[in-house]
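First chain written, first letter: the chains are A, B, C and D, and each begins at residue 1.
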Amino acid sequence: MSILVLYGSSRERGNSELLTNKVVENINHTRVYLRDRQIQAIVDKRHTPEGFKPVADDYEDIVRQLLTHDILIFSTPLYWYGMSGVMKDFIDRWSQSLRSSDYNFKEEVSRKQAYVIIAGGDNPRLKGLPLIQQFAYIFDFVGMSFAGYIIGEGSKPGDVLSDAAALFEARELNRKLAQMRK
Amino acid sequence: MSILVLYGSSRERGNSELLTNKVVENINHTRVYLRDRQIQAIVDKRHTPEGFKPVADDYEDIVRQLLTHDILIFSTPLYWYGMSGVMKDFIDRWSQSLRSSDYNFKEEVSRKQAYVIIAGGDNPRLKGLPLIQQFAYIFDFVGMSFAGYIIGEGSKPGDVLSDAAALFEARELNRKLAQMRK
Amino acid sequence: MSILVLYGSSRERGNSELLTNKVVENINHTRVYLRDRQIQAIVDKRHTPEGFKPVADDYEDIVRQLLTHDILIFSTPLYWYGMSGVMKDFIDRWSQSLRSSDYNFKEEVSRKQAYVIIAGGDNPRLKGLPLIQQFAYIFDFVGMSFAGYIIGEGSKPGDVLSDAAALFEARELNRKLAQMRK
Amino acid sequence: MSILVLYGSSRERGNSELLTNKVVENINHTRVYLRDRQIQAIVDKRHTPEGFKPVADDYEDIVRQLLTHDILIFSTPLYWYGMSGVMKDFIDRWSQSLRSSDYNFKEEVSRKQAYVIIAGGDNPRLKGLPLIQQFAYIFDFVGMSFAGYIIGEGSKPGDVLSDAAALFEARELNRKLAQMRK
């Protein structure tokens, strides 16, 4: 059971990252920081005769990593009550992968388990719920199992480390992932 | 009552655009096609001593247009059950505008009315609801009035023109906007 | 294709009823006014050795009507952002039907199509969305197809007859149901 | 800071009750078991000339208890992805209280803090979210502060005592409430 973490935050050691690091502490995993990679916004070519063309950015490289791991952790700050734009750009491009003949995206992805880790200010346990529902539809569409989520509260750097409930859930998930890797 | 339309689609004459055009037909309005503009993803500098720095892209130009109109129409396809990444990138940057001393973003924006026009396949009247809720939180945060929304169904180009209910709502809103401009 | 309408309102000719009547105008259908029937709240006996016992009220009679129709229309005012208590009491009792040996509730119900008609004040097109999502989970659990919904706005008696969009959708659905019955 | 717990479950020692008892353990509080009281469904008389009339049941007695406490805990199983019918019947009747001249319901209630404790099977952390959103609208309408919620997982009796995250949150809330009472 290999683990890939996709970090959607635009800054280092933000609250979503801190909380996610508790989840994967002492567990072997692969990290992708989306902010450090080039991912262009989708240009929808589903309905043009020529279809999608290769895009010269890091998207395919990240997809290949995604396809070789069993457990995917989507870690994002709650930006304006949604995932970060850079993470949204990455997921929007899945439309391109669904048409790709290089791999069978949907079938491969349908065997994976997904977790979502969110941190934000302004009552995230309530105002982050639409994002959880959105992720549920996303995972459902590709047949991925939505294995769990954690919502942490925090605005200023480090705040989330005071959210006892979120930390507890992170430790519980850490224990569970450690078990699964045995 | 001046109207600004923000188009979030990645292609010309997609379903969200067609539906939105019915809303503003024969009414004077300003259009911004986000796909044609450069909008970088936010780099969150709220908690760094130096704060946000100017970004060399089209964001500020679009914000200035936004600030000079009374009615804002957010038009987006339903990409993966959310707004398009490029529209999300634009809204994420509002965090920067909230800190800007060039204008009083929150106060100015709080006087505006917002409409949302969405088109998508895969049962958008149900699976687009989290996005509507997300927009509600966004508008609420800046004090903007959420004046209405329309969800149209359509995957292939032109499909939405067969969605009688969405077209009816578009015509009704068109009539209402025409009245308001008198 | 036979149609059963379940009215959840506590009063005659309320807005949800008026709107629903537009949907079934000139179409043969069966009506159940839940306010006129005795439906006790569920007493959960799923985990007691003796199980559920017959309850002397109108519940089973209504279920039998439900089982003999193909299309179910759930018509309810938006009371406190949910369905009316009497409609909730009716649906809660489905837990009892799932255990009943008198019929195969889940299998029979899974072949039916469900529509939801809601009317309410206080921005129902936004604040009624959690109820739509709740109905989606309900129908999904029993395998019923969620064929559509209409949300009308209205507080005072007759208000909904001024909601042009809701009336349009009611007429469209009326046309569709009339077609299906041919 | 006095605490009132409203239990919406239809059975003794169900999972929602067990979880709630952890929240109020060793803290002085008042309990109302809605299943043991008579609460008739609302008959909406807001628009009839004579208005609401007194109803011979336990509703007003429970409202009086509600009005004399500072913190309200709504404890309900997740029945069909909503609160139990009996709890819904109780809240529906608030429409009557809003019209009552015996007390100023909205003003008094607006000074209270509300917590929601839910337990259910079938992925409640996801499928219970519409109910959380519904409670948010309810509390918002009367100006009550939505101070927090806990969702526990459990179908069979006692199951929730294996939900470590829910139990942790219950203990945390217990500590917080104990502090507030000092």
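The rule we apply is simple: contacts are C-beta pairs under 8 Å (C-beta built on N, C-alpha and C of every residue); 3 or more make two chains touch, one makes a residue touch a chain.
Here the structure is a predicted model, which means the values were calculated and not measured.
Peer 1: Count the C-beta contact pairs for C-D and for A-D, then tell me which is higher.
Peer 2: More C-beta contacts join the chains of C-D.
Peer 1: Averaged over CA atoms, how far is the centre of chain A from the centre of chain D? Could you give it in whole Å?
Peer 2: 35
Peer 1: Where the CA atoms of chain C average out and where those of chain D average out, how many Å apart are those spots?
Peer 2: 25
Peer 1: What parts of chain B, by residue number, touch at least two of the other chains?
Peer 2: As it turns out, chain B has residues touching two or more other chains at 129, 133.
Peer 1: Chains as vertices, touching pairs as edges: which of line, ring, star, complete or other describes this one?
Peer 2: Chain contacts: single closed ring, each chain with exactly two partners.
Peer 1: Under the stated touch criterion, can you name all the chain pairs that qualify?
Peer 2: Here the touching pairs of chains are A-B, A-D, B-C, C-D.
Peer 1: Inside the complex, what are the residues of chain A that reach chain B?
Peer 2: Residue positions touching the partner: 9-11, 14, 35, 41-45, 47, 77, 79-86, 88-92, 94-95, 122, 127, 129-131, 133-134, 137-138, 141, 156-157.
Peer 1: Across the complex, what residues on chain C touch chain B?
Peer 2: On the chain C side, the touching residues are 125-126, 129, 132-133, 136, 146, 148-149, 164-165, 168-169, 172.
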